[in-house]
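One chain, chain A, links the two complexes that follow: it is found with chain B in the first and with chain C in the second.
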Partner chain A sequence: MRRYFGRKLLVYALTFAVAVTVNWMIPRFMPGDPVASMLARANVSQPQAVEAMRTYYTNLFGLDEPLWRQYLNFWGALFRGDFGTSIWVFPTPVSTVIMGAVPYTLGLMIPSVLLSYFVGNRIGAYAARRKLLDNTVLPVGYVLTATPYMWLAVLLAWGLGVVAGVFPVAGGYSFSIRPSLSADFLLDLLHHWVLPFFSLFLVALGGWAIGMRNMIIYELESDYSNYLSALGAPQRLIRRYAFRNAMLPQITGLALQLGVLVAGALVTEIVFAYPGLGSLILKAIQNQDFFLLQGIFLFIVLGVLIANFVIDIVYVLVDPRTRTGMAGASA
Partner chain B sequence: MTALQEVATRKPPASASVRREALYFALRNPKLLIGAAIVLLFLLAGLVGPLLVSATPNEYVGKPMDPPSSEYWFGTTTFGQDVFAQFVHGLRTTFLVGVLGGGIAAIVGMMVGFVAGYRGGLVDEVLNMITNIILVLPALAVLLIINAYLGIRSVGAQALFIGLTSWPWAARAIRAQTFSLRGRDFVDLARLSGANTWKIITREIGPNMSSYLLLTFILLFGNSILIASSLDFIGLGPTEGVSLGLMLQNASQWSAMQLGLWWWFIPPGAAITAIVGALYVANVGLDEVFNPKLRQT
Partner chain C sequence: MSLRVTDLRVHYKTLKGDVRALDGVSFDVGDGEILGLAGESGCGKTTLGKSLIRMDGRMRHVGGKVELDGEELPIGDDRRMNPFRFHKVSLVPQYSMSAMNPTRKIGRMVGELLRSRGVALDQATLESRLDLVGLPREVLQRYPIELSGGMKQRMVMVISTLLDPSLLIADEITSALDVSTQKSVATALAGFRESGVVKSMVFITHDLSLTYQIADTIMVMYAGKLAEKAPAKTMVEAPRHPYTKLLIDSLPEVGVRHTERRLAGIAGSPPSLLDPPAGCRFRDRCPLAFDRCAQEPPPVEVEPGHVVACWKADA
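Presenting the complex of A and B:
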């Protein structure tokens, strides 16, 4: 087990190092003079902001310092939690801006991912080898996985928001309400949360259902299933064993899908102008706020790595083979 | 040596009959036929459509916010652009991104997978580590940073970066397949006869999993269409020309939903869904054609 976690942690540490290095390298090795072009493109009207930006950029890029030194400084700043200053909301540090958006993204992603995962797996397991149900679940599942996240979001916002008028189409809460811990605000928050949540939930659902269905069929054809049915075990019992075995690849699948799920959440937020990281990315791109963009990038990578690690722990809890170091998941 | 020659001469008819058998089952597989028909239909629309519409996609041709009519099949945008013209030109871009992005990812994935699986040892360890690192990095986040800084302005560059970030799972799958073929007799025989690594991979291992490689490419193709549309939607798409993702972005940015211009945002999304969904279904159909165990008789 120590070897298993050791390997995983090594991969994650290296991944983080690669992400930071990419983040450090791109502004430095891109063609042209980044400082000048960014100042020109940033198009900030406040002269004091321009001056601060110029000194900040020159300091950060450290034109007088050797490259290795700049690289070490970059890491040093990172460990102090210093992601730089946002240009879009000028004097606010990037970390503060991101921290304001993260709760919304997590509040949207965690419930939708977990719920679609459980419901999708259940549906898939139930549909496998049941002709009538399978014939509906399979096509619907394929259509859902092929749907671009933003398109379903747009359709839901248009259908249930604009035409039916049941749900609000934009924002995390009404503009007339100030964020507080009152019941009114929480209800309003929930009301705005429903559509983006439902949109994320639906798109992810199809993939899990199809994956689980295929795995169950595979497991039901394996020797232990045949042996059990030859012994006369009830179908329910065989299916339960098949489900437990089929769950393992699905857990790995969840880890592999994390990147896609994050991307889906980001574009869904943009459709609903939901005040999470997705909308922040849009603002950062529109305002050429590269520090903010880089900060968000590192934040997403860090989040995905942590989620991966949590899934690894779950895997060890679920699969006893990894605990004894016999076999199981390879790094 | 004579035995080898005999095998070599006997090979063509054998592979031809395998091909005929695959064709036989392919023509009787509804999933494959329906999926392929939908993809071809859209491909045809993308190829022929731009020849039929005289307007360039971003030209202001008619009355703004016109619903679909005989003149403008998909209506017009808030600026009076022809949605149908944008749609057919966008289809071209979408297929181009899919083929290029999927193709590049398939090539990189094959290279890494074959070499890691066949060579094993230290080479495998290193390549596997690189694959795992890129696998956990969220592709869209990386593309975001690269695109924002480098200012990607062409479809080709977009496809290149998508291809370079989406190969890892293909590499892993191909590596596992190569691993299982590596110890087979015909590979040993090729090695005994003095063939080098490149030749063994391209002549012995590759052809033996060609069906698997085709399936991998189809999935990568659909995948890069989806990634490209997300990138376009965030505002990091190509600035020259149109794509289905850019249409969605424009529709959302100029509040087509609030104005009720459904003809602006439904066609591009429906086309992406139909193409990618049809690719997935055709993929399952192809799998059944190549894998006798999965055939339903």
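Presenting the complex of A and C:
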């Protein structure tokens, strides 16, 4: 068991190191002077300010030091949580900017991923047993999964936001309200959250439902199900086993889907101008804010790796086969 | 008489029409008797075994009846058949290697299965059955993947016979095992009969010589029909049906060492069961075929307990 997780952790650590290294390399090995081009694009008009920023960035990049030292410095800064300073909202540290956006992204992603996962699996399991339900779940599911995140988001924004006017179509909260812990603000927050959440939830839902339906049907035709039926066991017991066993590949599926889900969330945020990481990426690109972009990417990589590790742990907890396999390996 | 099957007809519904996999089969199995069912691939052995306990969705009970201990089994009615399953008729399936839920500890699965059938788990019985087949008690604390093939096979045998069924069907339970394991599994099966756990047994296999070792009576099927049924010794020493003769001839020294020999070596192949020709179904391959074989030979009891379906049975 310990060996298994040790190995997994090592793989994740390596992945992270590679991501960081690539992130470090890009500005340094790009043709041209990153600092100069950044300053040129930053549209700073006062010469003093330009000079100040040039000094700052040259120091920051540590361009006068040998490469290996620059590399180590970069890691050192990283461990101190120092992602550099944003250009777009100079001189706010990148980490502060990111932390301001993270709650929005997580607030969207975690509920939509978990809820679509559980609801989708439930629907799929029901569909596998009822013909009528199956005939509706299957086509609807396929349409939903085939829908691009952006498209569904635009559709919802247009239908429920613009036409019906039930929900706001942009922002994390109304401009007229100051962020605070008041009930008004929280309600407003929730109001803005509904549409982006719902579009994320819907697209993911179809995939889980279809996956679960197919897995359950497969499990119900498996040998252990047949054996139990031959011994006259009630459908209740057989379905219970089938559901549990069908759940296991779905957990792996969740790990595999994570990247797609994150990408979907980022795109959806942009459609709804929701103030999370997705919108932040857009701002960073529009403002040529290289540090910010770099910070966001590192942050996302780290988040996905952590989530994957959590799923690994869950999988081991629920599938005895991996546990016994590991016991065998370490014995 | 424990099991009595009369003119049983079971078809598979397919898009091309009915596959007549069992086309009028009659036989009896007595109390304490082990019936070995043999015949080449596709002759309907599995179909017969499944018909006695649980038909799959494509099977149709077209005619004939099955009685167990004097009571008619509603084999075509899945729901009415359910009370008989496990309690009266049980099955050791061909797929025993994968017959147990892989994500449950065996002991827990057995408990859940019994409870679902309204029976309380009797730990003492369970343990004595494990002893009977030579499994350590701690297998109950293990997951199926932690058992070897032969152990899984024996564990399934224990589960299937926990409620002391009157009839046990064992379909090809040895084909996935190596020769020495085959032997121990066959012995364990015979042990269930010896100790009175099961009353009678239908033992299905390709392997005539293995059948010979444990069966009292052997029944050979050909293309959905009974070809010959006789006490094991008679079947091997004095077969009457040309098909059986060819089978036995292809097995030198039956029952001695050549346990790995399978039914093979007869030229040609059986007719399609989708639309079988009239007359004797073995006609195309039979060295003795003559005019009369265009009519179907009825099963005839040539001597007590020896039934042959061939016009030349007396030859």
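Operating definition for what follows: the second predicted complex is superposed on the first by the 313 of 331 C-alpha atoms of A that agree within 3 Å, B and C clash if a C-alpha of one lies under 4 Å from a C-alpha of the other, contacts with A are read in each partner's own complex, and residues count from 1 in each chain.
Assume a residue touches a chain if its C-beta (ideal position, glycine included) is under 8 Å from a C-beta of that chain, and two chains touch if they have at least 3 such contacts.
From a predicted model like this one, the values you see are computed outputs, not experimental measurements.
Trainee: Do chain B and chain C fit side by side on chain A in the superposed arrangement, or is it a clash?
Mentor: Here chain B and chain C can both sit on chain A without a clash.
Trainee: Taking the superposition as given, does A:R69 touch the first partner, chain B, the second, chain C, both, or neither?
Mentor: In the superposition, A:R69 touches no partner, neither chain B nor chain C.
Trainee: Look at the residues of chain A and decide whether chain B or chain C touches more of them.
Mentor: B
Trainee: Could you look at A:V169 and tell me whether it touches chain B, chain C, both or neither (first, second, both, neither)?
Mentor: Touch status of A:V169: first partner only.
Trainee: Go through the superposed model and pick first if A:G259 touches only chain B, second if only chain C, both, or neither.
Mentor: first
Trainee: Return first, second, both or neither, reflecting whether A:L228 touches chain B, chain C, both chains, or no partner chain.
Mentor: Only chain C; A:L228 stays clear of chain B.
Trainee: Under the stated touch criterion, which partner chain does A:R244 make contact with: chain B (first), chain C (second), both, or neither?
Mentor: Second partner only, chain C.
Trainee: Is A:P320 touching anything from chain B or chain C once the two structures are fitted on A? First, second, both or neither.
Mentor: Second partner only.
Trainee: Using only CA atoms and the superposition described at the top, report the least gap between chain B and chain C in Å.
Mentor: Scanning every C-alpha pair, the shortest chain B to chain C distance is 6 Å.
Trainee: List the residues of chain A that touch chain B in one complex and chain C in the other.
Mentor: Common to the two interfaces on chain A: nothing.
Trainee: So in the complex, which bits of chain B are touching chain A?
Mentor: 128-129, 132-133, 135-142, 144-146, 148-150, 169, 222, 226-227, 229-230, 233-236, 245, 248, 251-252, 257-258, 260, 262, 265-266, 268-270, 272-281
Trainee: Going by the contact rule set out above, which residues of chain A touch chain B in the complex?
Mentor: It comes out as residues 11-12, 14-15, 18-19, 22-23, 26-27, 30, 139, 142-143, 145-152, 154-155, 157-158, 161-163, 169, 255-256, 258-259, 262-264, 266-267, 270-271, 281-282, 285-286, 290, 293-294, 296-297, 300-301, 304-305, 308, 331.
Trainee: What residues of chain A sit close enough to touch chain C in their complex?
Mentor: 222-224, 226-234, 236-237, 241, 244-245, 248, 319-321, 324-325
Trainee: Please output the residues of chain C touching chain A within their complex, sorted ascending.
Mentor: That would be residues 53-54, 82-87, 90-91, 93, 95, 98-105, 112-113, 116-117, 143, 145-146, 156, 159-160 of chain C.
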